[in-house]
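In the two assemblies presented below, chain A is common to both, partnered first by chain B and then by chain C.
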Partner chain A sequence: MENNEQKLTNFGIHRPKETSSGQALSEFLPQLETYTPVIPDAVASYYMNASGLNCSDPRIVRLISIAAQKFISDVANDALQHCKTRSSATQGNNKIQKDKDGKPIKDKKFTLTVEDLAPALNENYGITVRKAHYFV
Partner chain B sequence: MIQELIDTSISDQYNFQQLVPTLKESLDAIPKQISTPKYNDKFNKLCFIPPIPSNFTSGKRKEIHKVNKTCVQLALKKSICGLTRLTDYTDISESSLTMFADSVDHFFKSLMESIVTILSNDDRETETDVDLMTFERAYFALTGESSTCFFNYFKKEIFDKHQQTVGNFTQKVSELRNIVESHQSMMNEIHQPDFYQGFFVKEEVKQEFDDYET
Partner chain C sequence: MSNDPRRKVLKESVCLLVSESGFTTATDECIETLVEMLQSLLSETGNQTKNFAELAGRTQPVVGDVVMAMINMGMSIKDLDKYATREGRPSARNLNPSKANNPLQ
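After this line comes the complex of A and B, so read on.
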């Protein structure tokens, strides 16, 4: 029903829904006062001071901390997807991991490795990482 | 040509009068959907939260402890471990942790570099204070997305996840409380003086006991 209505309003042309990218920062900033980011403000202020910038406004410092936190969680999520696809490709779809007694293992363990991290960093943020020559 | 058009308009298949409503009809016949509006649950209520003025909201300077490079590296590694644990990772290798910390360091430096570049492009090289607009432009230049996405990240990844975790925790606590209460009630029943008598002591023996007492 909804699809028919959508087709009528769009005149049969596929138009993607308009999704809001977010709320206004001025409304968002007061909410950050009570939130303590995982990356401390001292770390963000260290990098600001190192590049000759003044960290007088605590809101900007908090925003930089959250930007770095978002970067870490985005990269970790991408790496997890890589890890899952890689493990499913190696094991096969039909095979289920079983323990010594023959029971299927419910809680699967995921380990973050360089193999998953490198493509996650390269795809979204263009950070190319390689091992040093003497490790190759 | 004109005659054909007139013929088609007058024909039974194509009622011309229905397509062109008169002025009276358009004024009197109000559609039912407009006269009786229905409010669905899909529409969220508008609510306005007045901001409480504080030192943070007004952007007053706050003293932040200064840390050195080694402390920063340790803090980054610790926060990386915590955030990767939140994304269902159970282990992390030492080399990938070092690489991740280096990439976050690179991200910080790139962000600062783009802020400095924007300040110099606007002929504000002497200024050292970063405002919101400069940060927004720098972040957009670096990642290609606006910093308004932080709200979605904050709401979906942090707030909703925390609420879910707290909800699971409270559910488990309530289950545990129910188990403890049932255990407590069972123990109370067991410790009552008549509890064992009903099961184990025969009526004859009980009567003998009562006779002995009297």
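After this line comes the complex of A and C, so read on.
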């Protein structure tokens, strides 16, 4: 009986059972009403207005800001991985860095440089970072 | 260097996200690159959303238009809700300090 019903609703087309990303997003939408993204709504909506989008629904502005935020976070995370592998490769495994008192340093400080950012962007997004030819 | 206040706000946002990901310092060049990318991404998503809304005969965009715009640009919308509600996100912690630092109430 159940199988028959399923056949009727699916019209003979195989539809996977798991929830699609669109469904997950529609469940998330009501939460956006009270959400505060890192990029302020006013700034995000200014740039959207500048590109021709007239949007009165704050949920749309917030959704786009979250997507932009996620992009920057992903890039930063990839750059951090690059930074970590690069520093461990140069340091090698024969020597543990020590501070003045001779105790090993556990928390390493990482600096975001173009050396890490450029390969992270190039490998995962196909974006080549370089200075313009007039930039000296 | 521009004096545009919106760029300053974007720079602040980028710095917050970069420090959240685990960096303690960053060069000016990198931050400027990321700010430029963020600004460009916001404009492009807005433009694509407008195009999809107009294609459907609407002037006001709906969420479906944003989703289509993101898919068209090759961005994943799968983990967006998980990312937005992640633990220790800076918006909840740092952007409303007045509520957190008021012991007299």
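Note that the second predicted complex is superposed on the first by the 108 of 136 C-alpha atoms of A that agree within 3 Å, B and C clash if a C-alpha of one lies under 4 Å from a C-alpha of the other, contacts with A are read in each partner's own complex, and residues count from 1 in each chain.
As a convention for this text, contacts are C-beta pairs under 8 Å (C-beta built on N, C-alpha and C of every residue); 3 or more make two chains touch, one makes a residue touch a chain.
Not measured: the values here are computed from a predicted model.
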| item | value |
| --- | --- |
| Clash or fit, chain B versus chain C on superposed chain A | clash |
| Which of chain B and chain C A:Pro58 touches, first, second, both or neither | first |
| First (chain B), second (chain C), both or neither touched by A:Thr36 | second |
| Partner chain(s) touched by A:Lys109 [first = chain B, second = chain C, both, neither] | both |
| First, second, both or neither for A:Ser73, with chain B first and chain C second | both |
| Colliding stretch - chain B into chain C, listed as 2-10, 20-28, 38-46 or 146-154 | 146-154 |
| Common interface positions of chain A, toward chain B and toward chain C | 21-22, 24-25, 28-29, 31, 35, 38-40, 43-44, 46-57, 59-60, 63-64, 66-73, 75-77, 80, 109-114, 117, 127, 129 |
| Touching residues (chain side chain A, partner chain C) in the complex | 21-22, 24-29, 31, 35-40, 43-44, 46-57, 59-60, 63-73, 75-77, 79-80, 83, 109-114, 117, 127, 129 |
| Chain B-facing residues of chain A, complex | 21-25, 28-33, 35, 38-61, 63-64, 66-73, 75-77, 80, 109-114, 116-118, 121, 125, 127, 129 |
| For the chain C and chain A complex, residues of the former touching the latter | 6, 9-10, 13-14, 16-18, 20-27, 29-31, 33-34, 37-39, 41-47, 49-50, 53, 59-63, 66-67, 70, 75, 77-81, 83-85, 90-92, 95-96 |
| Complex interface listing, chain B residues touching chain A | 51-52, 54-57, 59-62, 64-67, 72, 75-76, 79-80, 82-84, 86-93, 95-97, 99-100, 102-104, 106-109, 111-113, 115-116, 128-132, 135-136, 139, 143, 145-154, 157-158 |
